[in-house]
Each structure stands twice: as structure tokens, then as C-alpha cells.
Amino acid sequence: MSEVSGLQASIQLQRSNGFKLDVELNIAAGTTACLLGPNGAGKSTAVGALAGLINIEGGSIRLNGRTLNDPSVGIAIPPPDRKIGLMFQDYALFGHLSVEDNIAFGPRSAGLSKSASRLAAAEWTHKFDLIDLAGRKASDLSGGQAQRVAMARTLAANPDLILLDEPLAALDVGTKATLRRILSTNLEAFDGPRLIITHEPAEAFLLADRIHIMENGRITQSGTAAEIRRSPATAYVGALAGTNFLTGSTFRGSITLDESNVVLKTSDTTTDGRVIVTVRPSALALHPSQPDGSPRNSWQAKIASVENLGDVARVYLDAPLPLAADVTPGSVEQLGLSAGQSIWVAIKATEISVSPA
Amino acid sequence: MSEVSGLQASIQLQRSNGFKLDVELNIAAGTTACLLGPNGAGKSTAVGALAGLINIEGGSIRLNGRTLNDPSVGIAIPPPDRKIGLMFQDYALFGHLSVEDNIAFGPRSAGLSKSASRLAAAEWTHKFDLIDLAGRKASDLSGGQAQRVAMARTLAANPDLILLDEPLAALDVGTKATLRRILSTNLEAFDGPRLIITHEPAEAFLLADRIHIMENGRITQSGTAAEIRRSPATAYVGALAGTNFLTGSTFRGSITLDESNVVLKTSDTTTDGRVIVTVRPSALALHPSQPDGSPRNSWQAKIASVENLGDVARVYLDAPLPLAADVTPGSVEQLGLSAGQSIWVAIKATEISVSPA
Amino acid sequence: GSSSDDNELSVFAAASLAEVMDELVAAYTETSPGVNVAVNLAGSTTLKAQIFEGAPADVVLLANQATMSQLVDEDAVQAPQLAAANRMVLAVPADNPGGVKSLDDLARSDLLIGLCDSQVPCGATARNILDAAGVVASPDTNEPDVKSLVAKIVSGELDAGIVYTTDLASAGDELIRIDIDPSLYEPNVYPVAVVTDGDKPAEAQLFIDFVLSERGQSVLAASGFLPAEEVN
Amino acid sequence: MAELGGPKGPAPKGLIALAVLGAAVILLPIVGLLARTPWSRLGELLGKPIVGDALRLSLITSFAAAGISLCLGLPLAWILSRTRFWGRSLLRAFVTLPMVLPPVVGGAALLFALGRRGVVGEPIYDLTGFALPFSVWGVILANTFVAMPFLVLTIEAALNNTDHRQEAAAATLGASRLAVFNRVTVPMIRPSILAGLVLAWARALGEFGATITFAGNLSGRTQTLPLAVFVSLEADRDAAIAISLILVVISVAVLLILRNRWWSTQ
Amino acid sequence: MAELGGPKGPAPKGLIALAVLGAAVILLPIVGLLARTPWSRLGELLGKPIVGDALRLSLITSFAAAGISLCLGLPLAWILSRTRFWGRSLLRAFVTLPMVLPPVVGGAALLFALGRRGVVGEPIYDLTGFALPFSVWGVILANTFVAMPFLVLTIEAALNNTDHRQEAAAATLGASRLAVFNRVTVPMIRPSILAGLVLAWARALGEFGATITFAGNLSGRTQTLPLAVFVSLEADRDAAIAISLILVVISVAVLLILRNRWWSTQ
């Protein structure tokens, strides 16, 4: 607890229905954590407690070395003095204000004049593509529009810690991808720790540096995406489909990976530059010899280990690329897969998806 | 307009912000339609108008031969007399009532006694796995819990037309699959037409008999999942990833398809019985000769047509299975793919997902 | 007193004198130009309470002797004098629906009878009259002030009531007047006095002198009041 | 248990200062009243039989008036808030009138309308021989007349504050407008209904002018506590203050019984 | 344009019936009053100079009292609703007292506290030579004393009705409690604030007993319309009714100006 930046929180409380929360959450400054968990696990409760909207009964909350809450010594900084931005799961927009004034609310509360706060809001209105909606009353928005406004409002307040409760749930497919990108770009620009609640494992893997799994009021597993995928601690985590992530640069459909000198082909030829490459384990095919056919990518790899997960077997591949491949137990038997063995790996270019890093 | 069952609606209206809606929606009795579209397209507005919560200015709404709304002749049946159940995007639960009483509200309004309506509610509480929450005040639920209650409340009212506005958006991964199954089972039991709004194309393809795409207040395309996948009318529709659907029966991981005598292997060995099989076009690999390796399924097929969609080429396969496969244009060239050609198709058992029909 | 105006004489008068006070003040300003009389009209008890609480009064004119006596007891006023007296009559609505002819009819139970409350002067006097006349009446209401009693008789809600002569003068032909034998009771009196704490005792006494003067008395008589000396 | 609102921080000083000033405006006079109360004579003053009668009558009539105001005023508020008809603003303006009419004039107006010679009262009296004035019904009517507007306005405002989504949801579940009203609207605005009821009840309990004008002042039949106070004021101020004190005690007691938990939706 | 609530269906007959009855209780007496108004003499009766003075004074003092009630009562309501402290229920109960005290006793209580010989008034008078009674300030104070409780209760109830999420959101955006109050809470309950203001204003406009007792009845200085009605009642009942009619007209006018749009959050 001697770190001076980032969030160190330990939260114990009980809600009126008897639900008990007992979690520890540490998020380093400049990093993004995701909180994943089933409905009713206590995710919203936890962020509510961090923001100071729900009283904690035990534990403590420290942000950048400052104690925000510690019942044992009677410290309980009220929400406005915490500088913790919370985007509510149900938005809680100010229905009587315009979209612009909703977004300007934070800057205004920070002491900016009316016009200065409008100016600050304009920037965010622009970033979140809300210019057309700026003058509209917040009560007259569609679900997805409201969600975008809520996100912009939270970020515009420029808090020291950002908490986003299901920021992308109501967005349509197209907007979701765009907004995820806008969001991650803008989160980068914040110095403080960020915490995102989501139900979408893919979202978590894309946005988070570290993932915390919460079940029934407790954190059941914490780690990087890779760590969690590699050794799921509970059935719930196991069910969150494991996905491989690689980083690299892409140009006209050719990806140069950071991890190795394998060049991957992707069907996405429009995205260029630094990217995160996602490869679903079930998309990887294993062959005893070099395959011909449509798969554009194939290379020879070494098997690190084979794990039987019941319905599927997960084959962990080593050099040149650390990837997990899911195959049926039948295939394991037929191909005689075992650790140390050399095997051909194939994946179709259409299965390689990239998103700007 | 002489059909006597199902929904025939044509809706024209303008919202206070100038947004104009002009759509036609026909849904046959006993079928499920999905309404897909970007944020702010007017989906919630359309269902609000059907339910009688928003006045229509032109067109008419007919349900099972009865005119519910027709401004030209001054007919406007009020909402409670329409027998149209609407699940709100933001739930609109009765915060002052318990979960049980929320669900019993519909039966009670239908004239059942307090105890009879409780009994009717109990059935739905059970179906939607809400027994643990039954006594809780609706204002004290988590987002996902509230969504489940809202769904149960709508179905429990036993309406003639069911409208669900984003019924699964707030659910966690595990619950979502379970609930989609519960939902589709229970929708089957309703005689009337059903309309589901969703952002998840996969959900639409899984649940809907017919899909309507709404953009900017208009229906831009209507059809079955296959029709829409085959010829997307707009960029938005094109972006909704196309997925192959097959039906059949599965037993211990072997699927006997209705469409042909090909038997597919799936890694899901726990689901048995009638299923919908989904195969992503990008998961299908094409080979000039029979492939060896981990893909457990392979067969020889005829190419119906090849379409260049830009980044990817979509290869429509014919006998024995009507499937679309996405490959890179490079593959098309290399394998010299063209209509009429014979080709080997391979897909991994882990890529074949089934859900109970 | 704290009156803002140095020429202002502050007169606290019983509300039942509202009409006649207007005329008295008009007549007084005629005779003593330059004097500005401010009149505060309220119930006698309210006036008494206000004076006790230090209200800026110079002259006080009340509708009963008892209240004035309390002011005297507290040395709040100098020795009071009687400004006027008032007699009582039996009043019935113009169409006399109850067919009331004399005081004896007040014993009839089929009539709606109103009296003033026994705690206010007109009620106390009315009961004295009934006792003296040997009439056993059960009133349907005990009005806290005579004006509301009059209003109820005028509007026909009551069939009869005992009120002041002056009330008939202002009610005009809306009421029928049935006289009561003056020997049955002592008439009500209106005492007037200089307020001890007032800062214009001399001017106050001048006003009182005017009220008691021939001119003042004639103004009072015009409204139906009896001259003070009748009971002095 | 941790529910609703964590650490709040101190209330703003400016608000506290204004609130204290506001409380002072109301509390100081009450302190003044208590300071001048003849405590030693209290037993004697309150022992008079008319006090007991008046107390009983005041309780009956004020609660009756509040009850009637609720039964009639709640629907009236709902109509004003939830339906559109010609003359709605006008109706609302007229409903507010008993608040501005001096109560004595209000009483006179009641007499004009419902007295034995009143516009409506006369035919009724001629037909049935029943007259409202000088009866306990008259007191209740006078109280209702002055008290109901407070309830109507308070509740109408609360109805206008509510968001309509829950009512819409109830309608789609098949609830008739009446069912929506009973099962959704009323529970949602319970605090304001209670406040309206308290306002109406308090106004009725303190009502004096309209009652005396319309219903007269007969001990045991129409003399409520405020009338007893008024009459006593003429003769014995101490008695008047003592009786007022009963009013103070009753209303503090009633409001304390309601307690905080009745005042919030929580 | 199609917004909010589609076809509603007829209002429930039961509710309409009760509402009509409720409106009748209030409207009949007013009809009675209008029926008995001496229309032909109206010009003459209202031409008297005291009427003009009283009208001016009534308008000034009732608006001033409503304004002060808002400035002090809104914070008081907020404190009662949003903070927890010992004696909160008691404070609320006491704040309600001016509603049940007969106004004359209220006026006496004001004299006891703030009169020249009052508990607080005496030291103030001795120090500054300023006394409240018998001045226009006294009228305003008396009006505020009787009117503010209505505003406080109405607004407190509305505050208790609101859901706290938006206030919580404002707090996480860095708004102080004062800023939350000004920028979120107040706009949310605007209809109830307006209703409270109207209740307080109307009560002040019609106020009589406390004013005459505390501030006296000096024409041109402290004689408001209700006091003028009282004086006229002694002399000329027709004049009293005519003056009451001014009160009716003013308040209907004010309420019509507020119109429907001010009454709803829409």
C-alpha cells in the first residue's frame, strides 16, 4: 500500500437484500482494467462504492496515494471530491438538460464559466460524434444515443479514475466497433486508472490490460487476458471463449507481428498501422503436413501442451507464435497430438481480425 | 389487407425533434420477426407506436383482423385494449412492487384475483429462473436481473402481439445463451406474431423467421436471414456478418441434417435433439483435394457462384449443403474458383455450433 | 409611539365602529386641520393585546367596559371616559319567515335563533335580557361578534337574533326591528381613553374632547348610538 | 447495510443559513407563544367542559374534511394533470380560489350557495327540510372547502413531476386507466399524497372564519377549537392561549406519528 | 408531432364523478358568491380610495411573502428531505404549526416574539429603535409566517418523491451539494416548487387574522384587501363582497398566466 499512484481498493459491504461484496481491486495508473462477471455479481455495486455512492463497511479506497474511504479511521470523502467519473449502467442523464449541457456539466462543476464549459463540451461532442444531437433534450434520445452521451459526459469531467459500467451495451454493431476505438483512444489520453465493466469477453480482451472476474460478490480471478485464457479458474471463466491476441503492424492486409517473424495475411486490407490481432482458438486448424487450399496462412509450430477441456481439447502452441488452438478430442487422438511435437498450423485470412491498437 | 390473422402495420409519424418514421411491417401469426438497425433508426419509436404509446399520424395498425389504429377514420384503440405486450428497452419496471408483483401485474390486469395472478406469475418466475428474486423490490435489482424480470412480465401478460425491445442486451454471456433458448421456447408457445428488436445479428438470425432492417426511419430490407445474407441491400446490412444456418438433429456430437445426408461432427456433445446449426462463412475452408488434419468435417461440394465483396470473396456452395464460404480474393485466384467447379470443403468440429431449436 | 409622521395621531378603535370612525375622523380633521388621524380597527381584545405589546397607540376606543378595565388595571391607559352607548333590539329577516313578534318567540324550538357568544358584550347583555324577561331560549349559534350574527339574520339563515340598534341602522330595510324593553338591561357602553405610553397625550385628549363634544356626539347619534350621558 | 447515497459531505452553508432563518421565522413566534403560556393555570383553563367538546369536534371534523378532500381531491388532481379538456387552466385557477378568499367571505359564499336560502341550499331545504348550516355537516363542508385546494395543488404538482414510462408500461400490460391510477400512479406519489393530506388536515384543524360564518358557533355541535379560541380571546386571553396549545400538541403529535418513514418513498 | 402518450382511452367514470363532486364543493360557493355580487354597484364600491391602497399593499405583501417563503422555505425543505439530524421529525412537526394555529393566535404569537415588548423584539427595539408591528414589514412577516409552511411541505414531499440517481450522477461529475441542488434538484421538481409558491402566495393573499393582530389594520399602511373586507363587513356587506371579488380576479389572473405549461416538466 505504499504505491503512490493508481487505485488500491478493498471493499467490504452488504446491500439491503443481504448481498455481500468483498473484493480487492488494484489498478495501476495509465492502465485499463475490465471487470467481467455474471448478472448480479456485484459489479455495479463495486463501482458505486468506489465512486462514493454506496457506503463501504470495511476495507479502504486509495487513489493516487490519497485515502478516499476508510471506515476504520472514519474517512469518507464525498463523491464530488473524489474526482472519480462514473458512467452509470442506466446512464442517469439529466433529462431536463440538453445533450451539450449534460456533457458540459462536469467542466462546469470544475469551476469553468458557462461559455468555457460549453467549449470543453464541444470538444467531446465532436469526439463522440454527437454534434447533431448537441441541442436535443437528453430525455428525448434513443437508447444508443443516450449511452454515447453518458460516455462523453463521464470523460469530459476529466476525472482521476474512470469507471464505465457497460459502456457499449446498447450500441449497434457498427457504432460499437467505432466507439470502442474512440473509447480506447481517449482512455489512453487519461493518466489515471480506468475500470470498465462489460459482459462481452471480446470487449474486455480488446480494451483491458488486466481482467478481473467477479462472481457472487468476490473476485475469482485476476490477470492478463492470456493468463485468464490459459488457466480459467472457474466454470464461468472457462465459458468465456478464449481468444488469442497478438500485436503487430498491418499494411494492405499483411501483418508483421511483434512476437515473431511470421507474416499473417488478413482479409481486412483497409486498416493500416499498429493493430491488435485476434485469432479464435477454434479457427486454427492443425495438419500433419503443409495444407493446400484456401487457408492463406500456414506455418509449422511446436506443441507446448495439450489440455482436455471435455468437449474440446486445447492445444497450446509455442514457437514461432504462442497461440491456443481448439480441436476435438477425436482430432487429438487421430493426429496423435502431444507436447513437443511439430505440426502444421493453418488459418484463413478471413479469420484474422485486426483492430487498431 | 384481407388477411385475418397476424399484424399488418403501416406507420407514419414525426417525433418532436423532427425525426420521421415511415415503415410498413407485416408479421404473420405464429412467426417471429426481428427488427435490426443502427442507433436512432426508429426501432423503439416503431414499437411504441404499435403499442399505442406514441400517436401515429398516417397509416394503420391491424392485428388479427382488428383495426387498432387508423387516423384516417379516427380509430385509436388505447394501449390496454390492444393486448400488445411491450418490453421496454429501459425495462420501466414498477420500482415500488416486488419482482413477483411486477410479473403478476399483467394477469391481475386481465382480471385474475390476487392469488390467481400470483399463481400465474409463479409459473413465469420459474420459467425465467427468478425464484430467488421473487420477493425483491424491483428497484433493487442489478441491470441484468431487471432485464429478465421485464421479459417475464411482458410474456406473463399473454398478449396477442409481443414486442421485445433489446431483450438480451444487459445479460451476461452465460445467461444470454440460456435466456435466448428460454425465450425462443416460450415465443413458440404464443399464437400471435412476435417482434424482437436487437443489435446482435446473430441473435436475429437465431430467433427470427423474418428480418426487417430499419435505417433512418425506413425499412431498407426485409427477408429471411438467408435472403438478407445473400443480397445485402445497404452497407449497414452488408456489415452484419453473414452466417450459415442449417437445421437437424444432434446426438452425442453427430448432427443429422435436414438439408442433406451429410453428417456433421460438432464439439458440443451435450446438446441432443433438434437443433439449429450455425456455421460462420469464414470458418469454411476450401481445398482442391481432400484435406487431412484436424478439421473433422470435410465433403466435396459444387460451387454455385462466387461474389467479390471487396476484401473478401463469398463463395456460394450448392449440393450437398447450401452454404456461403468467405475466402480472400487471393484464394479465389490461386484455387481458380468459379461456378460449377467441384471443391473440397472442410470445417472444424469446434466451429460447428448448435443451439436447441 | 413610533409613528413615522409627527403629526399623526394613532387611534385604536373597535372594529364595530368602523363606519362611524370614518365620519368622526372626517369631522375632526375639518375642525383641526393639519392633524393626521390613523385609525387601527380590530376587535377590542386584539386592540388590548396590541397595546399591551407596545403598539404605537395614542387613543383607544373600545366596544366594552370590561376590556378597558383590564387596560386600566395594567396602567396602560389613563382614566377612561364614555363616548357612547348602544341599546339592543330583536332583529328578524325582512320577510320574517318565523313569524316572530316578540322576545317570547325566542323560546320556540322550531326557530333558528342566534345570539352573540356569552363571552362577548352583546351576548352577555342578550342573556341578561332573556333572563330578566323570563324567556328560556336555546340558541342555535353563539356568534363571536355581532356582525356575523347580523349577516346570518339578513341572509335568512337565522329566524331571529338580539343585536345592537346601530346594526339596524346599517342593515337598512333588510331587517325588521322589534324593540326590547330598556328596563330589562344595562346598555352597552364605548369607553375611550388616552394611552399611557403614547407620545402625544395632549393631542390625544383633544381628540377625545372632540368625540365627547356636541359635534362628535351628533355624528355618533346619526349612526344610531345613544349619547354617552344617557348612561353616565 | 449500505444502501443509497454514500458519504454526502456537509450541507452547503448558504442553504443551512437560509433554512435556519426560515425555521426561525416559524419557530420564534411559537417560542413566544410558549413563553406567554399561563402554565400554572393550564389545568384549570383546559378543564372547562367546552374545551373537551371542542377538541372532540375538531378532531372529527378535521379528519373528516381531510378524508373527503382526499376522496374528491385526488381524482380532481388526476383529471387536472392527466386529461386534456377545454377550460382546464380555468378550472385549476378556480380550484385555487378558496385559498385566497378571506375565510369569512368563503363562509359567506358557502351560505350563498348552500345555506337555507342559498342557490342550491334553498331547493334542498324546501324538499327535504335539511339544512347544512349550524350542523356538524356544515363544519365539515366548510373545512373541506378551505382545505381541499391545498391537497389538489400539491398532488397535481406531484403528478406532473412523475415520469410517464411506468404508467405507459402498466397500460401495455392491460391495465385500465383506473387500474394504472390505483396500482402505479398512487404508490409512486405516496409522499406527496401524504403531504397534501397533512396540509389539508392542518388547514381544516386551524380553520376558523369559514366555519363560524357558515356553521355558526354552538358548543358541542359546531364549536371547534379555533372557534373556542376566538371566543375566549374576547374574555380571557390566557384561556385562548391554553386552547391554542392543544392545537399545537395535536398537530405535533400527528406529525410525529407520521414520522420520517412515511415521508419518503424509501 | 407525435410525442408522449398515444391514445389514452376515456378517463375512468368513477374518477370523473369524484372529481366533479370535488370541483362542485369548491365551485358552488364561488358561484353563490358571484350570484350575490352587487354587480350594479360594483364601480361605486370599488372606487373608494381604501380599496386601491389595500390592493396595492396586498399585491406587494403577498408577493414579498411568497418570495421570502421561497428563499427560506426551499432550503428548509431541502434540509428536511436530504439531511439527517437529530430532531428532524420534530422540526418538521413544528414547521407545520402555523397551519393549525388559528391565525389570530399566530398573530398574538408573533407579537409575543417580535413585538416591541416581545422576547426578541424588545432587545431589537431597544438597540435599534426599529419595531416590526404596524409596518408593512410586519404584514410581510405575518404573511410569511402563515404561508411558508405550505411551501415547505409541498416541496419536501416532491423532494422525497424524486429518485436520487441523477443527483448521484451530478456528484460523481464533481458538483458540490449546492451545485447539485441548483442545477439538478431544483429543475427536476420545478412543478412542485411552483405549486408550493402558488400555495404560499395564495395563502398570503388571503391572510387576515395574523396580519390584523400583528401588524394592525391601518389604511394605506397595513390594511390589505382581506382586512378591508373585514372592515367593510362591519359597515357594508356589498362592499365586502365586491372587494373579495378583486381577490378572486387577481388570483384567477395569476393562475391563468402560469398556464399549463408551467405546471408540467414537459
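As written, the chain order gives the labels A, B, C, D and E, with residue 1 at the start of each chain.
Everything that follows uses one rule, which is that contacts are C-beta pairs under 8 Å (C-beta built on N, C-alpha and C of every residue); 3 or more make two chains touch, one makes a residue touch a chain.
The model shown is predicted, which means the values in this text are computed figures rather than measured ones.
Among all the other chains, which ones are in touch with both subunit A and subunit D?
Both-contact set = B, E.
Using each chain's Cα centroid, which is most distant from the centroid of subunit B?
In terms of C-alpha centroids, the chain at the greatest distance from subunit B is C.
Per the definition of touch at the top, where is the C-beta contact count highest among chain pairs?
That would be the chain pair D-E.
If we define chain centres by averaging CA atoms, which chain lands farthest from subunit A? Would you check?
With centres defined by C-alpha atoms, farthest from subunit A sits C.
I'd like the Å distance between the centres of subunit B and subunit E, where a centre is the mean of that chain's Cα atoms.
57
How many angstrom lie between the CA centroids of subunit C and subunit D, rounded to a whole number?
About 34 Å separates the centre of subunit C from that of subunit D.
Can you give the whole-Å distance between the Cα centres of subunit A and subunit B?
It comes to 27 Å between the two C-alpha centres.
Can you pull out the residues of subunit A that are in contact with at least two other chains?
Only 15-16, 51-53, 78-80, 90, 95 qualify.
Return the residues of subunit C touching two or more other chains; collapse runs of consecutive numbers into ranges.
Those would be 46, 49, 151.
Which positions in subunit E are in touch with at least two other chains?
4-5, 8-9, 104, 108, 111-112, 118, 168, 176-177, 188, 230, 233, 265
Kindly provide every pair of chains that touch.
A-B, A-D, A-E, B-D, B-E, C-D, C-E, D-E
Would you tell me which residues of subunit D are touching subunit A in their complex?
Residue list for subunit D touching subunit A: 1-9, 163.
Over in the complex, which subunit A residues touch subunit E? Could you list them?
Its residues touching subunit E are 51-53, 78-80, 82-86, 88, 90, 92-97, 105-106, 108-110, 153-154, 157, 159.
Contact residues on subunit A for subunit B in the complex?
15-17, 37-41, 43-44, 89-90, 136, 140-145, 148, 166, 169-176, 199-201, 236, 239-240, 253, 265, 267-270, 281-283, 285-289, 291-296, 311-312, 325-328, 330-331, 335, 344, 346, 348-351
Provide the residue numbers of subunit D that touch subunit B in the complex, in ascending order.
165-166, 168-177, 179-180, 183-184, 187-188, 265
Across the complex, what residues on subunit E touch subunit C?
Per the touch definition, subunit E meets subunit C at residues 104, 107-108, 111-112, 115-118, 125, 129, 131, 133-134, 212-213, 216-219, 221, 230-237.
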